[in-house]
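Below you'll find the structure I mean.
For clarity, chains are labelled A, B, C and D in written order, and residue numbers in each chain start from 1.
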Amino acid sequence: MIIDGKKAVWKDYQKEIADDRYYYVRSCVRQNFFPGSETAFLKIMREELNKDVYEHPCHTSCSGIGYHSDIVPVETTMTVVARQFAIMTEAGYENLMPSCITSFGLYTEILDTWHHFPEVEEKIRKQLKKATGREFDKPKNLAHASDVIFKFRKEIGAKAKYKLINKNTGEPLKVVDHIGCHYAKMFPSKGIGGAEYPYVLSGMIEEWGGQVIDYPERRHCCGFGFRQYLVQANRGFSIACSKEKFESMKPFKPDMIITNCPGCPMFLDRWQYVINEMEGKRYGQNGEGIPVFTYEEVAGLVLGYDPWDLGLQMHQTDCEPVLDKIGIDYSPEDKYNLETVSAFSKSLV
Amino acid sequence: MASNKNKFGFDISLGRQINYDANNRNIAEYLFDKEPSMRRCIECGGCSATCTTAGFTTFSLRELMILIKRGETDEVYMNLKKCMLCGKCTLVCPRGVNTRNIIVLAKKAFQKSDEYAI
Amino acid sequence: MNKHVIVIGGGVAGLEVAGQLSNMGIEVSLIEKEPKTGGHLNKWYKLFPDRRNSSEVQSYLARIVHNNRIKLLTNTTIEKFKKGRGHFYVTTNNGEVLNADAVIVATGFDLFKSARKEEYGYGIYDNVITSADLEEKFQKGDIILKNGAVPETIGIIHCVGSRDEKVGNFYCSKLCCVTAVKQAIEIREFLPDSKVFCFYMDMRMGGAFYEELYREAQEKWGVSFIRGKVSEASETIDNKLTIKVEDTLAGRPLKMKLDMLVLMAGMEMSEGGVRVAGIGGLKTGENRFFAAVDNHTGSNRSNIEGIFYAGTCTAPMNITETISHARAAVVEVIDYLKDGK
Amino acid sequence: MQFDPFIIPFNIGLYFILIYIVVRCVIWFLDLSRPDKLRLQRGFFGIAFTQSLKEIFMESLIHRKILKTNLRLGYMHMSLAFGWFLLILFGTIEADIFGAKHLNAPYKAIFFKFFNPEHGRSGFEAVYGFIMDLILAFILSGLLLAVTKRVYSKIVGMKKTTKLKLTDKIALTSLWLIFPSRLLAESFTSGAYGTGSFLTGTLGTWLATFLPAREMAYPFWWLYSTALGTFFILLPISRYMHIPTELFLIFMRNSGIRTGDKAGTYTEVQTYSCSSCGICIDTCQLNYSAGITNIQSAYLMKGIRNSYDISEIADNCLMCGRCDQKCPVGIELSPIRMIQRRGSEAGTDIRNIFKGYLRSRQNAITETIPVSSNYKFLREQDSEKTDVLYFAGCMTHLTPGIKNSMVKILDASGMKFRFMDEEGGVCCGRPLMLAGHDREARELINYNSQMIWKSGAHTLVTSCPICYKVFKESYYLDVEVLHHTQFIRRLIADGYVKMNFLRKRVVYHSPCELGRGSGIYDEPREVLNHVSRLEKTSFEDAESLCCGGSLANMKISSRDRLKISADAAKELTRRNPDILATACPLCKKSFAAATQTRVADISEIVAEALNVGHSKKVNDSRSIILKEIANI
């Protein structure tokens, strides 16, 4: 691997990310999957980085899952998205920061479509006006939440209590980064580092002391694939995709996987359990699974947040091996203590 | 370990991907050695188009030859037997591939190999 | 004929044009941006389809420069260009102003920059090389991997940068297929124990004796041809490359490990050509090559009277075609100089 | 007491070979099937016996067939075989008449001169000695040819001569030494005693002038005896085993025993009867057109005798049958090759020389467990009733001109016919049989038989000789099977179709499977004679060439096929005919690619010559007439 070559590619895929005043759009599914992530993100943005992050209780699902499952027509989706823009405009914000990769991809796609077909944009404006009476401005800057963390990775690194380093050996942890498909595969120029060698998570890993693993199936989908998962009979494809990735990364002996998409950590995490149930196979070391994290969780860990406050007890593949390697201080008996967790959430409100 | 399909209502799908490195290509090597004209095949499909057997059932010598070359031999053996050896394929082949001999040799090779021996 | 013609580009076409014109007693200035004439050919090991040593053609071209009274300007590019009453005034980067009766553009081609096909990892993976890199290895005579080991399995990907909308090239570079076949044979000659796989979309063996070479590669050298566009390459933990391709004739996706991957880089309009087009106001086509006024009967004529094209600056061509095209350009220039003014 | 130690090698060899042959013949006999045993017994004590004796004399001694094919080669074989026979015969008589006793041990006759050096002085003795010398000279002249043939085979008019293995070489050397050593031994003895006739006497006298003849004679008598002994000992493991085996073969053949389709005593006797004369090599088109020189029948026989792996040899043959026709010993070469194809792949070469004395048999058919049908996909079909069923055959579908012509002819005849494989049918099964896959072939045969039977037809016409042969020989049909040439001839003869005469010069190429394979030579020629000017070639009937397209060869490359086709086409069109006619789609395709002359199937020529306005009117009694024609 020629790292300079990668760096040259990364240079070609830079992107403008707003400095402050973000309008945050939550993901519809993440709060069920890993509820600690978005909470931790807001805490990091507001308290660690002192940024103005606004969110509005009236925003809805972007309907991306419905759109990608061929259930919701594109015009409907566009109108729903237009409403999100309208709420943002009404709140006086211009920098849209979705939490979800599919939303990010969808917004990018819609903005690009409107760019090429202004008449469609006009039509949607009319429809939104007719349906809700709202009007909107298009966001000035569109960045995924992980782009923003990438932008401030150094600041986070500077405040870090822990590094992604095995405290016993002093070696950097081997980290697999998995990027959501809708992040850059549709519009490579909109993703940091492009679609082939995305840098958004790699940059964080490097900055926080870890070592990025580049394995052959790095491009492969986690297996969510919307239709594949939603229909039970198709789930065999979904799990086969994840398995393909695990088989491919296994020889590199990764310590952890980090992701930036709502579905990916869910599936990479849960399918490890299911594969083990079906075939008795595990892909981590010492007969364990490979712990899977969201980038917010990793940022929180690095900053010294309590793992249970971050919601790591919600992971089906135990994350303790990584916590132990890094040397994070945690109390095993509090793992399922709801009171301490709710205290953390309440502290943010 | 027995599949736990019932527990989840689905199973891990098997891909259709040819894993070239994992496959055994002994039969292809045997054929290349005994009938080197097989190397000349350009997969034009002339053989399959004229095939007598193909008039009655799914049978494509072109496809079988490719699968043999890739080492995907599981389905080849049962299919090879459908050939009637009439030889039309040899007559139409633009690259002079001795297709009839390939089939005879392939049958022989399958019979010889432990995996497929009856 | 007491005339002066400027030839831009000292590759195969430029040298041939310069030589022929000079033989006819026309004064020729040959402008070459590199320190040495000869162009891409200098880096080539052997030529298809007869696998003749390229140095033979190189020395033919070198003799032209030596034998004739050609004013050779190497390390020279064009900065300014002016046309006035049948005369052309060309300013070089050295500040020299050349005055000519006609100009022949022979700016040739650039090889497609393979790093643009990011999925193949050229410049990132240790053992992904281009057809041009391989020719250099042939010239040196050592076909080795980055770690010094001898490759056992080598994959050749056709159509890298050709027939690919994703990189903006709709056209076929037409020589890569036969180059792949030639190089596959040469790899097998250098490394008799190796296995070579060509991944092609179509085998375009249009030239004389190309098909025969293809057949030889299959029959004598045991080169495997798999029809399908390689979609991605990745490096494995043991420093090999794993590729994914659909074996379209088996109708199944296929993956395999290779020690080395050779990318058959296509031909693109050269950067120098793009500059000349800009400076001179010359028309280019959708494929970015110079557009001749008539593809059938005037493929050497540009949209500006007195400026002519020779060789691969108009389209991908092999050496035979390039030299023929260059000689045709000479006829056009002579006609122009006689009657044109 | 007439004894000398030098006779020991000869005696050992002689008694060894006599006992060996007797034992072997007994084993062979015991191994015969019951009907064949009866046949042989009947043959031995019947008319066949005299016939066999005559044949042994004509073929084994005189080598009439080789003489007919190749005079010089025949003379070579005759001089050695017949000459040696005469030498033994006259020698024995000589010993019995002039010896001390009558009825002597064999060595007395062989070494008569040694024990009777003074013999030959009286008039009668001298005449007899002259005869003996004449016979010896006769043999030596043949031997000279044989030695030259080894060195330079063209001398005897052959392009190729057989390649030998080591034991063959030793046996050959000892054979060659026998007669020169006898000549020198007798000459020295004659020289010493002043006896001998024109050859031994003259040579002896001359040698005695500068050599001590008495002392020189003795080593040559040793050499003579040793050469004979070695030759006899090596006989069973050399190709010269054919000398005794051929006699047995002749008796078997004249008793009516045939090869069949399984290996047995008869095939074994045949393989040992091959003298490796090389005529099959010379006659083989693979040899002289394509330069393939290691697969001919002589090598097949040798391979079987020595248990080599001969699957490559067995499969690389066009099965044109030319060598069967030419074999002077009359070995059924093609059937033996077919047995080999059906058999399993042979074992290893015999490294232990002594195993050569044991029996070597062709591999038996590997009995595979009859797994489920290979052709389950063939669905039963209903068949429309008809009188004549036309089966074009797979290959004919690649030559649409033939099937279209047949349809035209059948239409013109007014017969009620049905095209059995108009949309492509099931293969007749012969290609599978030719590859040795009899079980699979049987499946197709059964399927087609059902179709034919259901059609109710009384005549089955086919355009492909390959199909014809298998319909005729391997189908159990109660319909008359005709090749289209036979059928057309009958249509013409019975007036069902009227022909115009084409002013075209035509030569006819007789397809292997139709001519040599099925014995049909006359009908195609009569049809052609009727509609065109048929001219003769040098390759008529059994002499016919192979077009090179034969399906029977599994190995040959398309380039080599083309060479054979081109050579054959060149020979056939030597006198620039307008049309090269044939009666087989494969021959047509092969020749069409190899010559500029127009190549046409007989059916196409007939269709061209058809006088359409003049065919018999269809009437209801037609099927009755047809039944008469078909003789059912």
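FYI, a contact is a pair of C-beta atoms (placed from the backbone, for glycine too) under 8 Å apart; a residue touches a chain by one contact, two chains touch by 3 or more.
As the structure is a prediction and not an experimental result, all values here were calculated from the model.
**Student:** Applying the document's contact definition, name the chain pair with more C-beta pairs in contact, A-B or B-D.
**Tutor:** B-D
**Student:** What chain lies farthest away from subunit B once each centre is taken as the mean of the Cα atoms?
**Tutor:** A
**Student:** Rounded to the nearest whole Å, what is the centre-to-centre distance of subunit A and subunit B, using the mean of the C-alpha atoms as each centre?
**Tutor:** Centres of subunit A and subunit B (C-alpha means) sit 46 Å apart.
**Student:** Suppose each chain is reduced to the average of its Cα coordinates; what separation in Å results between subunit B and subunit C?
**Tutor:** Centres of subunit B and subunit C (C-alpha means) sit 40 Å apart.
**Student:** Between subunit C and subunit D, what is the separation of their C-alpha centroids in Å?
**Tutor:** Measuring from centre to centre gives 63 Å for this pair.
**Student:** Scan subunit C for residues touching two or more other chains and write them down.
**Tutor:** Within subunit C, no residue touches at least two other chains.
**Student:** Going through subunit D residue by residue, note those that touch at least 2 other chains and give them in order.
**Tutor:** In subunit D, nothing touches at least two other chains.
**Student:** Of all residues in subunit A, which are in touch with two or more distinct other chains?
**Tutor:** Within subunit A, no residue contacts more than one other chain.
**Student:** Could you please specify the touching residues of subunit B with respect to subunit C in the complex?
**Tutor:** Against subunit C, the touching part of subunit B is residues 15-21, 32, 36-37, 39-43, 62-63, 66-67, 69-70, 72, 95.
**Student:** Tell me, which parts of subunit B touch subunit D in their complex?
**Tutor:** 37, 50, 52, 55-57, 81-82, 84-88, 90-93, 96, 98, 100-101, 104, 108, 118
**Student:** Which of the residues in subunit C come into contact with subunit B in the complex?
**Tutor:** Going by the criterion above, the answer is residues 203, 215, 218-219, 222, 224-225, 227, 247, 249-257.
**Student:** Would you mind writing out the residues of subunit C in touch with subunit A in their complex?
**Tutor:** 115, 118-119, 121, 123-126, 232, 234-237, 242
**Student:** Sort out for me which residues of subunit A touch subunit B in the complex.
**Tutor:** Going by the criterion above, the answer is residues 232-237, 239-240, 243-244, 274-275, 277-280.
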